[in-house]
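Have a look at this one before I ask anything.
Naming follows writing order (A, B and C), and every chain is counted from residue 1.
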Amino acid sequence: MIWNTNLRWRLPVVCLLLEVVMIVLFGVFVRYDMDADPHWVEEKAIKNLTTDLENEFYYRYPSFQDVHVMIFVGFGFLMTFLKRYGYSSLGFNFLLAAFGIQWALLMQGWLHSFDGRYILVNVEKEASHCGGSSCAARGPGAQAHTLVPIHQVKDAGGSMTIHAFGAYFGLTVAWILYRPNLNQSEERKSSVYHSDLFAMIGTLFLWMYWPSFNSAISNHGDAQHRAVINTYCSLAACVLTSVALSSALHRKGKLDMVHIQNASLAGGVGLGTVAELMILPFGSLLIGFICGIVSTLGFVYLTPFLESRLRIQDTCGVHNLHGLPGIIGGAAGAVIASIANIDLYGEEGLAYTFGVERSKTSWNPNMQGRLQAAGLFVSLAMALVGGIIVGLILRLPFWGQPPDENCFDDSVYWEGPSYLPAFPLMTRAETRPVSVAPRTRVCPT
Amino acid sequence: MIWNTNLRWRLPVVCLLLEVVMIVLFGVFVRYDMDADPHWVEEKAIKNLTTDLENEFYYRYPSFQDVHVMIFVGFGFLMTFLKRYGYSSLGFNFLLAAFGIQWALLMQGWLHSFDGRYILVNVEKEASHCGGSSCAARGPGAQAHTLVPIHQVKDAGGSMTIHAFGAYFGLTVAWILYRPNLNQSEERKSSVYHSDLFAMIGTLFLWMYWPSFNSAISNHGDAQHRAVINTYCSLAACVLTSVALSSALHRKGKLDMVHIQNASLAGGVGLGTVAELMILPFGSLLIGFICGIVSTLGFVYLTPFLESRLRIQDTCGVHNLHGLPGIIGGAAGAVIASIANIDLYGEEGLAYTFGVERSKTSWNPNMQGRLQAAGLFVSLAMALVGGIIVGLILRLPFWGQPPDENCFDDSVYWEGPSYLPAFPLMTRAETRPVSVAPRTRVCPT
Amino acid sequence: MIWNTNLRWRLPVVCLLLEVVMIVLFGVFVRYDMDADPHWVEEKAIKNLTTDLENEFYYRYPSFQDVHVMIFVGFGFLMTFLKRYGYSSLGFNFLLAAFGIQWALLMQGWLHSFDGRYILVNVEKEASHCGGSSCAARGPGAQAHTLVPIHQVKDAGGSMTIHAFGAYFGLTVAWILYRPNLNQSEERKSSVYHSDLFAMIGTLFLWMYWPSFNSAISNHGDAQHRAVINTYCSLAACVLTSVALSSALHRKGKLDMVHIQNASLAGGVGLGTVAELMILPFGSLLIGFICGIVSTLGFVYLTPFLESRLRIQDTCGVHNLHGLPGIIGGAAGAVIASIANIDLYGEEGLAYTFGVERSKTSWNPNMQGRLQAAGLFVSLAMALVGGIIVGLILRLPFWGQPPDENCFDDSVYWEGPSYLPAFPLMTRAETRPVSVAPRTRVCPT
């Protein structure tokens, strides 16, 4: 079956229409939060604040920027490892994330910060997290983060509601869209030397800024600080075990860039739920230790199994980077929450960390633990149901999907990638380069 | 005509001389602002400040760093899209920006913060903006930002005084330096696969950190916060319309990396003037929407027209990224300023935003609107006059310009780019690589 | 002699074992500092703090993140200039730094912040500096930063204790490990076009974030602010003189990417010791001016001399980037400290900057200057002794070193780099690509 991959009218119309809808909805519903409104001057006087620094902006802006780097540079470049998919990886990630920011702001606004009339927006609520979720799912992606109804569940860095949800949502979609003849694109489903280096730009920025991701919406002060330290510890440990397993599982002990690019990040995913809890630094190391091992094992044994037996094609290893570590993170959250106590947190700290009234006598750690476990199952269930629905919609034949032999190939959707090396083969001694077809510019109709 | 492109004595002498001049002028004129002086301890006591956080450093440093990333990584990599111009793009941008920082600090210092004896420097005044301006113009670039005499004009992100000025200044210079036979370099005036990926490093860091650029010198608190939110909204909308137009204008609906790399940034330029004004989030989306469309149309229709009819060679599309969106931004500023009112801003907020004394009864929004429009025209006029003067100076034959057939080619000014692919062609089965001439190291005279 | 380069059991066992040891030691010794502990809520009440902003997190987090970018992206990509060493440069730097973070936290903790029972960790003490040191030495690297016994020595940015120490430590190791037949790898000890562009990612992030490195552990307020301004000035001047010398030393006046990539950073190294002292902006420019010249001269004349006469193979130019500028920085520190006075610093400022009790009458600038000079000599002596010990250990034959003809070659330790250009040679007119062996995935034993 030959699909029509010409996007000429479908893509422009969809983009323009969506953006017009956004402008209208923003016009009706979105206003500045007091922190970003000129009335802030008066607000300060009312609240008796002596300094502009109490503006939420100064608590959040550095983390907010780091999270954007993760989404646009991190996820964008991580997928450039495919040798002919660099334009698509960067370009479509850019498009999805730019739309995701706007859409998530509306969704989260209506559900969580709607005052009956307006969504009040500031840098905290700008909700880049959702962008991350949609990128992880590489699909249209409804976010559990938005939808999970149990608000008391702690999930600062989204192990359950972003990573596990996104991964199993995406895998379910991939299961429905299974292409038995995708091996026709097999030759392109691999990397070349420089594409692996480009991918490392993504890996490293994701790794370095993951602590900002896991702490971006934490409480001010110690919680934000602790989430950063815990995430760093987990990520650092994860690098060592990823390297160890990568070498141990190769018959000559050689390392595989795929593991370094992906498994080394699993510690950030696995630490998401417990980021701001009292897991202590050694507990964070332990989670990273386990995630690095499980993720690398997943790449070596599970991904081939998923494809051959379960007919799930997981090209980017989403299951190993987001799925398994997300479940580990959710489970760790249930355990750590259930052993919370006043010694560890202090009386005020305990109430503040779990967001409960100190007078609310019904709350106890054990209940919180069960709540966490429930949150994980709800996330997974929603991922499966949502994935099936979206998968079926995507099977409809008007989406312009490429035929099997053109998957992972920029030339279907992009003008001009000529697949030539950077320069014609010539040595400096030669005077004239081998002729190269110059990149054709767009020809207006 | 064969120019002498040997920079051996000209470049070193100019660099060393300029730097010696800088050291002398800095020695005579530049001192630390109180925020960066050890006497700050005593100042704090005098001002009754209880915390070091009130040091300007903590309000500005994250934005300050982001702006540097834009200038050095962003503009540096953006121009690596040319297949043989990567060294020059990164190296000359690096050199120009490093000098621009020092020079702008002096210029802005004398004009704006000279206390009669010293220029007092801190991270806010370090004036990276000027670096941005000189990069946009890709030339020696006098800055309107420094020179525009009407200080009451609002132009936080420099739509008029940085972008429109820089673009039309540069285009005027290009018009004077028109090379009718530049088509001899045509083959190199295009990209290859990996050079487009390098360029995306530039695009993405520019896109992500543009909110820091537009808010870098805004007032503390709500203004800085609002400028960030507005810029993000505009940039996000701009990506969608750039993609839409790129596809719609191609006969097969394919996307063009040139548009994704450049037009997606136009929303940041267009939002520059109004960044901290009460344009509301939907107004920001609307500006981004328009800028993405106009910029992409510019690339497809206007750039070829400029070259064929007006004899202006705009290789990087400066007119589409900085020129047109800069004018849109300036015009938007005039409109938004003229509808300012106490309902929107609050009484104190209005005075604070526009920097007027509340007792100053002569000020009114309408007047501000006219002032903004005047600022735009002054910027454009200065760009034309300045561009003509500098263009004529640059026509003098002792600058070491490359001949037409060597434009866009690193090998004129750089040792060693051998234009070979990353590795000799060999498969892993082969035992010995095809011989490659190793990169020659510098031979001292 | 053929070494066994199969890492299969050695690398995994070492990594897993080290990480287990880390988990145990962290479990016994490492706890959160009060700023990252839930008891912070109560602490605030006790200390009468009105705002969470006084949490150390908000003073340090942006710098802390910048320093991580330097270590992981900066040093990782800087060494990708070698045409076949990209995987190793990025991967092994990643591994070393991830371990270095944990190890340094313990070492520094025991020596500097051990309360008899626990090491209390926060973002300031997380001690990325040590990671930097180990990267500079490209070896296991004991850190002078940790060991230098004279705590009154000022060395904010580590000119002496990180850069000079690391460089001479590494060079001593290289001297002991001298390989007379390394010229068999000569062909790979060079760059290709795109590998130089990848290296510039490293250079630019190092350059931009060096001010954060030099100010990361400075006192709050003016000291942190001043260290940033001084470092920027030095770096900016250094770019101009590096470019000048690079051109002047080439017979045709052409620039060399090696100098742009490395010498342009020497100003950051040279400014390390004096970063927070009253060197004034023109003094910073002067140090950068000198460092750019000395470093470029080092690349052109000294590196070949070291190899041919002293049998020290300095592939990355560590001596020119870290060694010489580190000594300049240490010397500058001695001079600047010895001319400190109350006029420049203010009475309180002087005491605060040099960390002395105001009543401590024995302290005087002259003594401080001598102390600084002593610190430099101690650093160098420790580098030599440490380098000899570690070098001798590394000569033991069980480390899996590659044979001479496989140095600078990823394929020894990495699965799959096929050294092919990004795409098979084909023009878009051709219908089928030249066959390329797809990247082999890991085969589990």
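Basically, a residue touches a chain if its C-beta (ideal position, glycine included) is under 8 Å from a C-beta of that chain, and two chains touch if they have at least 3 such contacts.
The shown structure was predicted, so the numbers you read here are calculated from the model rather than taken from an experiment.
Undergrad: If I superpose subunit A onto subunit C using their CA atoms, what angle of rotation comes out, to the nearest 5 degrees?
TA: 120
Undergrad: Between subunit C and subunit B, is it the same set of residue numbers doing the touching on each side, over half shared, or a different set?
TA: Subunit B and subunit C contact each other through largely non-matching residue numbers.
Undergrad: Can you give the whole-Å distance between the Cα centres of subunit B and subunit C?
TA: 30
Undergrad: List, in ascending order, every residue of subunit A touching at least 2 other chains.
TA: Answer for subunit A, listing residues that touch two or more other chains: 53, 58, 62, 193-194, 201, 418-423, 425, 436.
Undergrad: Report the residues of subunit C in contact with subunit B in the complex, numbered from low to high.
TA: The contact residues of subunit C facing subunit B are 53-54, 58-59, 62-63, 66, 83-84, 186-187, 189-197, 200-201, 204-205, 207-209, 212, 220-226, 228-229, 232-233, 235-237, 239-241, 243-260, 264, 278, 280-282, 285-286, 289, 299-301, 344-346, 348-350, 352-353, 411, 418-423, 425, 436-437.
Undergrad: So in the complex, which bits of subunit A are touching subunit B?
TA: Of all residues in subunit A, those touching subunit B are 6-13, 15-16, 18-20, 22-24, 26-27, 30-32, 35-42, 44, 51-53, 55-58, 61-62, 65, 68-69, 72-73, 76, 80, 86-87, 90-91, 94-95, 98-99, 101-102, 121-123, 126, 193-194, 198, 201, 413-429, 433, 436, 438-439, 441-445.
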